[in-house]
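So, here's a batch of structures to check.
Next, two complexes with chain A in common: one pairs it with chain B, the other with chain C.
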Partner chain A sequence: MRFKSTLENYLFVLPAVSIFTIFYILPFLMVFQLSFFDWDGIVPLKQAIPIGLANFKEIIFQDKIWWQSMLNAGYITLIALTFQNALAFLLAWACDREIRGKHFYRLIFFIPPVLSEVVVGLVWQWILDGDYGLFNHWLLRLGFPQLVRHWLSDPRTALTTVAVVHCWKGFGWGFLIFLAGLQTIPKELYEAARVDGANAWQSFKNITLPLMVPVTVLVAILTVLGTMQAFVLIMAMTGGGPAYHTQVPVLRIFASMRGSSRFGYACAQGIVFGVVLIIVSFIQYRFSKRARA
Partner chain B sequence: MRRKRIWGLLLVGFSLGAFFPLGCSQQKPDTGKPKGETTTKPKIVVWHWMTDRESAFKELARRYEEKTGVKIEFQLYAPSDAYTQKVRAAAQGANLPDIFGILGEKRDFASFIKAGYILELTPYMEAEGGKWRNSLYEKALVINEFPQGNSYGVKPGVYGVPIDVMTIKMVYNKDLLNKLGYNDNKVPETLEEFLVLGKKLKEAKLQGLVSGWGELWMIDCLANNYAFNIMGKDKVLATIKGEIPYTDPDWIKVLTVFKKMQEAGVLASGLVTMVNKTAEQYFANGRAVFAFNGSWCVNVYKGMNPNLRFGVMFPPRASDKYPMSIWGGAGSSFMVNARSQNVEEAVRFLRWLSDTEQQAFLAEVTNNLPANKNCASKISPILAAFAEGLEDATHPNLWGVSEFPAVIEAFDKGIQSIIIGEKTPEEVASEVQKVKERELAKRKM
Partner chain C sequence: MKSTFYYKTKRTTINVLIHIFLLTVALSCLLPLVWMVSSSLKTQETIFQDMSILPREFHFENYYLAWKEGGFGRYFLNSIFYTTSVVLGIVLVSSLAAYAFSRFQFPGKNIIFVLFLAAMMIPIPGSFVPLYVLLNKLHLRNTALGYVLCMINVGLSTSIFLLKTFFDKMPKELEDAARIDGCSKLGIWWNVALPLSKPVLAVVVVFNALNVWNEYFLALLIFDDKRLMPLQLALMTFQGEFITRYHLLMAGMTITVIPILVVYVLMQKYIIKGVTQGAIVG
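The block that comes next holds the complex of A and B.
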């Protein structure tokens, strides 16, 4: 009877486990397997040439462009962690207060994240066009001709411009999570603080900020993971150029697969990238744990 | 009752679990042939990526069915990136259609052949005294051919049928050029003449040359044109073989061409991140005087601005030592799936498709250069201008050797760096050579 019951339980989860195994675990394992091969994605897998750790050695010791792309992604992530999340937090804080039209603002702030990244990239490319773009047009009209430039093809501004657009596109997620977090803080705490004579800044510093630490950690981890993996927006805006100035790791993986037909190498890049992300997330988690303590 | 329901649910669950994997297993290509029937005419499935030719292909399929009773189903998969991945995935799953095209470099083509996915067409081409072969432009056919002793290790022969021919040249806006004091008979022919235009462009507040140089391959086309012009084919191929370094003075000259163009102001601003579609819009809307673009642009410009008056010219030569070769050869080609059940019928259809009448129809409707030389007289003057110099056209697929992708990337990105004033030609040449040496060392291992 007990055996029958156990069997029933296993049979119930079998479909889900099968689907998960086929579409998630097997491809994941195949990426590991392929990273040890020289394979062009065309010849049958059994004809792929085993090369041991050569792909990993090349990535770690020879592929300077790969590490430059990591630095670029790191720079975008830094801007996202600071500028994007600060903006998201401030807007969420403002919308959590009793202001007129707060529901309208909530809707407006969440529009960028739901837009297609390709569309956003192309629209911003048009806005930032050096010759016919709206942005330069307004800079001229406002009397800042010295600032007019090709924002996306000037190596001094390309990466920062891409980062700012990325923040514009992504701050809505942070806004939503921060807002949800702010709404969980009991209003009684603020009332008690007010009774005790605390001003707005003291309430913010001593109630809002400490209670928002777990949410901030979550947003920070999601921001790091999401921004490091940026791809579509950059592809649409600059294609990774000029030269290598806006290259990011996922673009490099794509280039290895599509441009060079090096599927094995691309898989190895994917693994190295995954390991870096795990390490970064772990460090972030440890820091936040210490901060909470 | 409850137990019955549980067992019923389990049965459904188990079926799902069992049939999902089956759904992912290898699928036999859809041949359209009903089981057990061998006398009915087969259905030929063709995969392609050519959005602009879809309606013309469908019309030709209708005509072919009317004539032979064989149904041809053209299936469009766009954009080309998605198409490329689809073909590769289908090859892995043994799901390739009867006829398909390959987008990529010659080594990818070679991999498909070596894996047994592509039928060798030499016997068909050579039949009847080489009638089929002789009807096609040699340059278009060579791209689909692997010669004796090729470096890819492919059995010598023809493996694809060219559908059209492509060349990449420079186009100029006649009205804007007139504004600069030039006319059709006086387009700049040398690099010096072209560079002089920079000053006039600035005075007239016009953009000079636009092209899709954000997509690297178009930079590569022009750079190779200049490499052939400055040092000749033999030296270019010797460099690819690793016998001559990229730090050779002639390669520095090639890279310097781009520096000179930038300094003279003949390149449009923002060129290094410009995709070709944007460049086409700029040119079609009269925002740029010159464009470096392929023969497909005739159709594109016609769609964007039917009143655009433009002419075709060779890129201005940088040296008189060797001719200014243009980039060109087969534009699109179709291959027959060696494992198809309808090999003979597929070959027959491709032969019909590359015949004079069908090629003339495609050229007329899609404004592409035909691969069949018998319909050269039937093309428009602007297309004829693109075809001029086809005999001297060059393309990596004609060379028999391939440069390492990492080297090509370093070279093209290096040119972008020169244009944005970040690096000198010498620095770029040195970096490219380092990448080349690294790749050569890997090959030796």
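The block that comes next holds the complex of A and C.
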């Protein structure tokens, strides 16, 4: 009886566990296994050539494009951390008051995040098109012909342009989380500060900012992990070009697998990237602990 | 002593400035969508010359062309099929598991649950490589079933977590009563627990639906056959093949976006709830 009951309990989790095992755990373990092989993905896995750490050596010491892509992702992340989150915070702060159309703004600001990266990428690619794009057209009309350029195919502007569109797509997340955070600050605190003669800036500095530190840390962590791994938007906008100027790590992994049929190498790249991400989150975690203390 | 008039004007000025700021950002959010719709109504010739937001002529036949000739009708139905099957699958599979995690005792329960949680936190950017190999081996690549199962897996962890948190807080009295009446565990899950968890199920459904509808990369990995493609993949493929037919591409994109916007406006409450709750989870 007891045994039958336990068996029944397992049946409840069986579907979830089976799907999870096949599509998550197994690939996870296989990444490590494959990373030690030279394998083109075509011959049977048994004939793949074990090459020890050669893949990792090549990535770390020879693959310049890989590190370029890592730097690119870091650059986009830096812009997202500063520009995107500052914008999100300012908007949330502006909406966290008795202001008309609060709900309208909240509705609009979260439209970019619910759109797909493909659609956002293709629309902006069309707007930013060098020859027929709306953006250049307006620059001309407004009298800035010197600013007109091929935003996405000029090596000097491509990466920054991609980063800005990424921020456009993502600031709504930060906005909603910041707004929720701001709304948990009791209004009495501001009242008390005003009674004590504090001006708007003082109460912002001494009440809002300190109380928003945990929320800011959270948004920062989400931004870093999300942005470092972003790639579909870039695929849709530039495909990683011009040359390798907008390559990011996940695009490289995909290119190693699909483009050069080096499955083992792609897995090794995935591991290197995963380790970097874990180190970055760990550093952030330590920082956040210090900030909270 | 400054007059009240001074404070009033100062306040109004600040408010006006804030509104200008908010409106500018709001406009920047809407403009790309407006431009997309506007471009979708122009022709192959006018699209490269007519830079007005409101086109001189409205070529609604573009939508017919995109739907029929561009194949977006078929892709649309594919996306509807994938979205409904994945969401249904996630609701059933994750609520079964979450219910067991919340109510039952069995050996290994905590370890399994922690594994699901860890999956939400640990990034494995390269795991799509072996996933591709595995799908090939199981003959699931280039099949609808393969895609649906992969996407169920994507939404599983978060959904289980949301549902388990909800079940944990839910009073057990009704379930006890049902058990005394001789209802089986499965019966209680279906007849008592699921109906009571409607508020959190709504969050699970909306979030996963948006996620599946917008998904591109796994579809790229899995489908070669054009007839099986969902909308996002079809858009990229279409753009690659007909680089100059921007008016049809924009029509296809508008077709892709409309259901998302409708769901978003109707379900905004649940989406905001999900984002703020999900943030607390992370």
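The rule is simple: the second predicted complex is superposed on the first by the 274 of 293 C-alpha atoms of A that agree within 3 Å, B and C clash if a C-alpha of one lies under 4 Å from a C-alpha of the other, contacts with A are read in each partner's own complex, and residues count from 1 in each chain.
By our rule, contacts are C-beta pairs under 8 Å (C-beta built on N, C-alpha and C of every residue); 3 or more make two chains touch, one makes a residue touch a chain.
What you see is a predicted model, and the numbers here were worked out from it, not measured in a lab.
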On chain A, do chain B and chain C fit together or clash when superposed? clash
A:130 in the overlay: touching chain B, chain C, both, or neither? Say first, second, both or neither. first
In the superposed arrangement, does A:144 touch chain B (first), chain C (second), both or neither? neither
Which holds for A:15: it touches chain B only (first), chain C only (second), both, or neither? both
Going by the touch definition up top, name the partner, chain B or chain C, that contacts more of chain A. C
Chain B versus chain C as contact partner of A:282, first or second or both or neither: neither
Between chain B (first) and chain C (second), which, if any, makes contact with A:41: first, second, both or neither? both
Which of the two partners, first being chain B and second being chain C, lies in contact with A:271: first, second, both, or neither? second
Is A:115 in contact with chain B, with chain C, with both, or with neither (first, second, both, neither)? second
Taking 22-30, 130-138 or 148-156 from chain C, which overlaps chain B after aligning chain A? 130-138
Indicate the residue numbers of chain A shared between its chain B interface and its chain C interface, in ascending order. 8, 12, 15, 17, 19, 22, 41, 45, 132
Help me check something: in the complex, which residues belonging to chain A touch chain C? 6, 8-10, 12-13, 15-17, 19-20, 22-28, 30-31, 34, 41, 45, 87, 90-91, 94-95, 99-101, 104-112, 114-120, 122-124, 126-127, 132, 134, 137, 168, 173, 176-177, 180, 218, 221-222, 225, 229, 231-232, 235-236, 249-250, 253-254, 257, 263, 266-271, 273-274, 277-278
List of chain C residues in touch with chain A within their complex: 15, 18-19, 21-22, 25-26, 28-30, 32-33, 35-36, 39, 47-48, 51, 92-94, 96-97, 99-101, 104-107, 112, 115-116, 119, 122-134, 138, 149-150, 152-153, 156-157, 160, 185, 189, 210, 213-217, 232, 235-236, 239, 246, 249-250, 253, 256-257, 260-261, 264-265, 268, 271-272, 275-276, 279, 282
Give the list of chain A residues in touch with chain B in this complex. 8, 11-12, 14-15, 17-19, 22, 40-45, 47, 54, 58, 62, 129-132, 150, 152-155, 158, 237-239, 241-244, 255, 258-262
Contact footprint of chain A on chain B as seen in their complex: 6, 9-10, 13-14, 16-18, 20-21, 24, 81, 84-85, 88, 91-92, 104-105, 107-108, 111-112, 114-115, 207, 214-215, 269-275, 287, 405-406, 409, 413-414, 416-417, 419-420, 422, 438, 442, 445
